[in-house]
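Note that the chains take the letters A, B, C and D in the order they are written out, and that residue 1 is the start of every chain.
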Amino acid sequence: MISLLRVVAVSTVALALAAGIDQRIAEAQAPTGSAGPIDPALIEDLVVANRVLAQEGLFDAYGHVSVRHPANPNRYLLSRSLAPALVTAGDILEYDLDSNPVDPKGERSVLERFIHGEVYKARPDVTAVIHSHSPTVVPFSVTGVPLRPVMHNATFLWVGVPVWEIREAGGPGTDMLVRNGALGKSLAAALGDKPVALMRGHGNVVVGPDIPTAVRYAYYTEVNARLQAMAIALGGPITYISPEEGAARDKSPGDFARAWELWRKNALGK
Amino acid sequence: MISLLRVVAVSTVALALAAGIDQRIAEAQAPTGSAGPIDPALIEDLVVANRVLAQEGLFDAYGHVSVRHPANPNRYLLSRSLAPALVTAGDILEYDLDSNPVDPKGERSVLERFIHGEVYKARPDVTAVIHSHSPTVVPFSVTGVPLRPVMHNATFLWVGVPVWEIREAGGPGTDMLVRNGALGKSLAAALGDKPVALMRGHGNVVVGPDIPTAVRYAYYTEVNARLQAMAIALGGPITYISPEEGAARDKSPGDFARAWELWRKNALGK
Amino acid sequence: MISLLRVVAVSTVALALAAGIDQRIAEAQAPTGSAGPIDPALIEDLVVANRVLAQEGLFDAYGHVSVRHPANPNRYLLSRSLAPALVTAGDILEYDLDSNPVDPKGERSVLERFIHGEVYKARPDVTAVIHSHSPTVVPFSVTGVPLRPVMHNATFLWVGVPVWEIREAGGPGTDMLVRNGALGKSLAAALGDKPVALMRGHGNVVVGPDIPTAVRYAYYTEVNARLQAMAIALGGPITYISPEEGAARDKSPGDFARAWELWRKNALGK
Amino acid sequence: MISLLRVVAVSTVALALAAGIDQRIAEAQAPTGSAGPIDPALIEDLVVANRVLAQEGLFDAYGHVSVRHPANPNRYLLSRSLAPALVTAGDILEYDLDSNPVDPKGERSVLERFIHGEVYKARPDVTAVIHSHSPTVVPFSVTGVPLRPVMHNATFLWVGVPVWEIREAGGPGTDMLVRNGALGKSLAAALGDKPVALMRGHGNVVVGPDIPTAVRYAYYTEVNARLQAMAIALGGPITYISPEEGAARDKSPGDFARAWELWRKNALGK
């Protein structure tokens, strides 16, 4: 029995956005060779993202983070199937937007890579995608309690956090995994134009215009979930971040480089 | 006063399974010599299991994990009484299914080893057994709230998690420990054909077809207990993993090697 | 919609105190040169404060701590914009009380430094100021539940913990940050003569007569918030620290050097 | 206003025991020289106890643990005022039972050492005393919810956990600290013949027949408090450890050396 609260209302805005995606992306097809070499600094950022999300407890042995190929929007970069804490530059593979590896190098691909490919198709504004089992968002995904921002570093949640119900696309008997493009497309539609969507009984997908922003969004989504859960336990009405505050913060330049500098140091020791 | 909710309904399926165990197991008797040398890789896996369950907080100074002898199903391997974080290959002893050490080597045996012996007798499908005081399962064991899967990595709990009440077998005045075969047999009967059973006011027993699977089950049982407790605290109805989803996941090959690779590295530094 | 409980009642005592501040502070103006060299031991204490508040989980990549210049009460010392865990002596800059850097050295200043300058203006008794996102105080800041002392090491909270609502001073559309002197002044007025004020949906400001005391106040404010939240979850009436007990402890010499000695060692390895 | 539930019912048994203490203890007076050298192994155990209680989170910069002098029951050994994580053998001082240092060596004594002296006077069966701010017991100390055993490793709590209200002995205006013998005596009377008493808004006192047992009691009191709090949060009636089970476990030899071996290794690296 699925609660009505679990049914995600995909906004027409999001659908329109998904329909109007960049023409280059729509033309994605089977890979016919690499889109070219990548700046080692970008690969290093991807390695940092893997490790820091493990260090901060958003990843255990699972979870993955990708970046769109800077030379070709129809490609993305993602580690082979490997615990994120162990990822190094040599583990990164290139995929097309149907999530076929350009050169699998004999390695096993992440089962749920379709999350990444389908989000990149639907969201030309997105350059980085994270899928995590961020622990404190899972309880929000299985109850009717909406995740809402209570803290200024999570104001980006003010636009709402949809909950994707895999049964809507996959029927009642899935194994809960995003194993193909159809499921990934459904998840991307639920995400719409938002930065974060929860996946019922599973985790979340978090997107951003670059790797550091996506990592920051994922980290503060988890922090906010903890704070909101504590506030609920205290009892009484909660003053959430208002739409005006959220919108103002969206436009405000912040000290965001501080966090990435710390995380790089923690992840790489430099 | 024992709540009716604490009384474990041992399924007839489980009892039938226990009755129909492998004939070789039923013939177990006092040990008359080792069942033979063990592959060092299997012993290393057992050492990894001890250490990783300590690192992940499921073991403190207590808790134990065993593996059935690969050459003789009437034998199992278990560390001498030692804090799991300190276990090395040299600490592993061999036991028969009545939990007599084949060669005690002058060492103290784990008091509650009967958990292992009796489960191996009752469950020919089981190759690894864990007993832990996994912290977040204890609260579920003393309340009427059933532990149920809320997260896709704990779908294996969909078959139900029995709670074993030691008073059913041992009367009102036990010291809470599984000190003999009769108590171990009662616990194994409560476990039935399930992967996990809780022990009231004590912890749990977790079984699997191999060491990595049993460790994964134990780890995600703890994770799920935390998530379910948080979901309950949020209030409102909870969408649990459905039987269809659980059954589908049981049959789905997963990226499970990822977790073991990480845990080995964390436990052994390699 | 702002709950009445969120509206901070600024005490007339505090306003009078703010009006009667030290004449030297009132004469603060644009900086015209450093107030002079600082004892390296004081700078080291400031570095310790940054690092220990990170180690104890009150700071993540954000949060800051300052000290009033010992030679000139119209100046204060604060790290450039940098994650607190990374701060070293070379990162400390000097500011006037309007929070202009005396010599920015080409570095980015902390956006919310106005918290520090305005508190130093309003509180001549204060020598150290901390701004943190101390995790467990945020839930208290967004609910109507007042933070009150439950533990003897947090008795300093007996005077009450105001909650500052940024909308009172900045209107409904701020980005939640204390970006200018007017907002800082409003926060300082809400703080009044207290050691701690919460900032709605943000964190807190904590002040003290010296760095170790301010750090101790910040640390035990977080500890007390956790204990109070747990006590509330247990249910039933709570026996808070009474005004008599709080006042008695305010006057009692304590073993407070013990904590600083440990924190120095943890922060500096010496 | 003190809840009736906070008023500790000092059992007549405990008072009788306190009255009938060992005659040698009753004759305690001002120290006139050391009771003699101590086995370095006992001092090392005391150092281990200090460090492990810090590592396990029961001590922060505060908390202390003592042992009765093996050669003279009228003396006890306790570190000078120092964060427990930093204690070494050279920091241990000798005290008489009025808590006067035999030779202060120019060091500051722990303010609340009277807890130790008065408990040793009242309890000839006790050889080790711990005072901690064990985090999860404080919420139980300020609510009417009694701490009761839910887990088999905390069965020793079955005899009940009194809560000492300092106002009963010290009046409404204490600074919450056990600063003299009269307060210590009142606390010891509240403890009675139990292993653990809570101190309202403060922490607990835990006693045992030797150092490892007292540390084990302190550790599992904290663990049990966490589990009981979680069980209460789950809702519904709780099955506590019964008196029969508690009494049976009191008499049962356990694998207790395992824990001390691990803790020694964690504390000393050997």
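Criterion: contacts are C-beta pairs under 8 Å (C-beta built on N, C-alpha and C of every residue); 3 or more make two chains touch, one makes a residue touch a chain.
Remember, it's a predicted structure, so these values are computed and weren't measured experimentally.
*Asks:* Starting at subunit A, how many touch steps does it take at minimum to reach subunit D?
*Replies:* The fewest steps needed to get from subunit A to subunit D is 2.
*Asks:* Rounding to the nearest 5 degrees, give the angle of the rotation that lays the CA atoms of subunit A over those of subunit C.
*Replies:* Angle of the fitting rotation, subunit A to subunit C: 90 degrees.
*Asks:* What is the chain whose Cα centroid lies farthest from the Cα centroid of subunit B?
*Replies:* Looking at centroid distances, C is the chain farthest away.
*Asks:* What whole-number Å value describes the gap between the mean CA coordinates of subunit A and subunit B?
*Replies:* 35
*Asks:* Please compute the C-alpha centroid of subunit B, do the same for subunit C, then give the distance between them in whole Å.
*Replies:* Here the centre of subunit C sits 49 Å away from the centre of subunit B.
*Asks:* Taking each residue of subunit C in turn, which ones touch at least two of the other chains?
*Replies:* 233
*Asks:* Under the stated touch criterion, can you name all the chain pairs that qualify?
*Replies:* The complete list of chain pairs in contact reads A-B, A-C, B-D, C-D.
*Asks:* Tell me, which parts of subunit B touch subunit D in their complex?
*Replies:* By the definition above, subunit B touches subunit D via 2-3, 6, 60-62, 81-83, 85-86, 108, 110-111, 133, 135-136, 138-140, 142-145, 172-177, 200-202, 229, 232-233.
*Asks:* Touching subunit A in the complex: which residues of subunit B?
*Replies:* Against subunit A, the touching part of subunit B is residues 149-153, 155, 223, 226-228, 230-231, 233-242, 244-245, 247-249, 251-252, 254-255, 258-259, 261-263, 265.
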